[in-house]
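The following blocks contain the structures, represented as structure tokens.
In what follows, subunit A forms one complex with subunit B and a second complex with subunit C.
Moving on, here comes the complex of A and B:
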């Protein structure tokens, strides 16, 4: 199953790279070459991507990722950039490293949440500790030194990460 | 001392190593059409291997790395390059016989199957560069006498 997940993942990138070889579409030789090279790469890296990666072949999850990236994530980045611009001009910062307890189960959920927190300016994930179910986040303006959940610094990101990485 | 990276780096490496590999294969196989070619694509694929070595640590790499296989593949890449160069030996060394009267790889210029023996040579050089760089970096990573 990991082979199929890797193959699909590689073949999608190949199609994106070679689009336009026949009009706006793909010529037959590019499609066949893509199958061959994707199979080679997928066979070589089948043990790398992880056993449960095939759950990301679910199209419902792709829709979820698209909605998340153009909806909550993009809006969060816009808001946070204006907030950081305000802090640069006024100089009102109160930096610190806080420990944020999170309720996540697997690696993909931790990665999605950590990357979302790092992408929104003003917060930077330093370390993810799955064994103590916590993230360590460097925060530009600490309003709550001991947060109970990630709600106060990441909004709805944890809910989305739990759903997308499941 | 831990020799591997944290959870986030590992998970991102799991997702990106196949993508780096297929992008390197794209650069190698389109060397006669787009910028890049054997060396650049081979170095890109070697970058995926180095990412694996750094993200997962030397111990994990040691389980996956087979010195004999990489050594054989590097020699095979060189031999394929030489073989492609000798295809037109009836006229001259490096004579592009596949392009002039070959059965394959003599399509319309600009398509994938054109340019005679160039795609074969690009693939051979890509394979040689990839295996050679990975072997060299693995040997450097294995050299740990300062730990004794």
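Moving on, here comes the complex of A and C:
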């Protein structure tokens, strides 16, 4: 199952990278070469990607990822940049490392949430502790030293991460 | 028209990349510098690549029907995906390594990781 997941990802990447070899589409030779190379890579790395990776082959999840990255994540990055611009110009910072309790189940959700937190306003993930269900976040402007949830720092990202990484 | 669109994208991108550099010079310690470096460079580079993609699509449809333009557009768009996936991870690794080697955040109001890492 992990072999299939890796193979599909490799082949999609191959198709994207070689688009345009025959008009706007692919030539037959390249499609066949792609199958062979993807199979080799998938066989070599099938133990790296993990057994549960095949759940990301669900197209509903892809739509979720696209909506998430164009909508909330991009908007968060826009806000983050104007926030950083403001702080660079005025130099008004009040930093601190806070502990944020989160309610997530698996590593994929932790990855999505920490990456989103790093890219959005004034926060940077320093450490993620799945065993105590918490993230340690460097916050550039601490308004609440002991947050009850990630709502104060990250808005709706925890909900999105929980849904996308399930 | 298309020149203006591309120019605006490039201007946004270069402005935010410049802001990241100023942030690195102006902020007091490693964590706040990582803040500036990660967010602004990712965002700025997204807009620079967006300008490339716009230019390649425009060139394909209105200048010359050459599939090489499509290849350029797709490859630049892939750069954005890889950058957004890897840049926060790198920042996290640097921040965690800095905290682990005992660097305290400058002027910290609260430091929950004190004595934990």
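Definition applied: the second predicted complex is superposed on the first by the 165 of 166 C-alpha atoms of A that agree within 3 Å, B and C clash if a C-alpha of one lies under 4 Å from a C-alpha of the other, contacts with A are read in each partner's own complex, and residues count from 1 in each chain.
Note that in this section a contact is a pair of C-beta atoms (placed from the backbone, for glycine too) under 8 Å apart; a residue touches a chain by one contact, two chains touch by 3 or more.
Everything numeric in this text was worked out from a predicted model, so none of it was measured.
Chemist: Sticking to the clash and touch definitions up top, decide whether subunit B and subunit C on subunit A clash or fit.
Modeler: fit
Chemist: I'd like to know which partner A:142 touches here: subunit B for first, subunit C for second, both or neither.
Modeler: It touches subunit C, and subunit B stays clear.
Chemist: Does subunit B (first) or subunit C (second) touch A:127, or do both, or does neither?
Modeler: Touch status of A:127: both partners.
Chemist: With the C-alpha centre of subunit A at the apex, what angle separates the C-alpha centres of subunit B and subunit C, reported to the nearest 10°?
Modeler: About 80 degrees, rounded to the nearest 10.
Chemist: Does the superposition put A:105 against subunit B (first), subunit C (second), both, or neither?
Modeler: So A:105 meets neither subunit B nor subunit C here.
Chemist: For A:95, decide between first (touching subunit B), second (touching subunit C), both and neither.
Modeler: Second partner only.
Chemist: By the touch definition at the top of the document, which applies to A:151: first (subunit B), second (subunit C), both, or neither?
Modeler: neither
Chemist: Can A:17 be said to touch subunit B (first), subunit C (second), both, or neither?
Modeler: After superposing on A, A:17 lies in contact with both subunit B and subunit C.
Chemist: Could you say whether A:119 touches subunit B, subunit C, both of them, or neither, answering first, second, both or neither?
Modeler: The second partner, subunit C, only.
Chemist: Counting only touches as set out at the top, which of subunit B and subunit C does A:9 meet: first, second, both, neither?
Modeler: After superposing on A, A:9 lies in contact with subunit B but is clear of subunit C.
Chemist: With the two structures placed on a shared chain A, what shortest C-alpha distance in Å links subunit B and subunit C?
Modeler: Between subunit B and subunit C, the minimum C-alpha distance equals 7 Å.
Chemist: Please identify the positions on subunit A that touch both subunit B and subunit C, taking each partner from its own complex.
Modeler: On subunit A, the residues that contact subunit B in one structure and subunit C in the other are 17, 21, 114-115, 125, 127.
Chemist: Can you tell me which positions in subunit A touch subunit B when the two form their complex?
Modeler: Interface residues on subunit A, with respect to subunit B: 6, 9-10, 13-14, 17-18, 21, 27, 29-30, 33, 37-38, 40-42, 44-45, 47-50, 53, 107-108, 110-111, 114-115, 125, 127-128, 130.
Chemist: Enumerate the contact residues on subunit C facing subunit A in the complex.
Modeler: Residues 16, 19-20, 22-23, 26-29, 31-32, 34-36, 38-40, 42-43, 46, 67-68, 70-71, 74-75, 78, 84-85, 87-89, 91-92, 95-96, 99, 105-113, 117 of subunit C touch subunit A in their complex.
Chemist: Can you check the complex and tell me which residues of subunit B touch subunit A?
Modeler: Subunit B residues touching subunit A: 6-8, 10-15, 17-19, 21-23, 25-26, 29-30, 48, 52, 64, 107, 111-113.
Chemist: Any idea which subunit A residues touch subunit C in the complex?
Modeler: Residues in contact with subunit C: 16-17, 19-21, 23-24, 69, 77-78, 80-81, 84-85, 87-88, 91, 93-99, 114-115, 118-119, 122, 124-127, 136, 138, 140, 142, 145.
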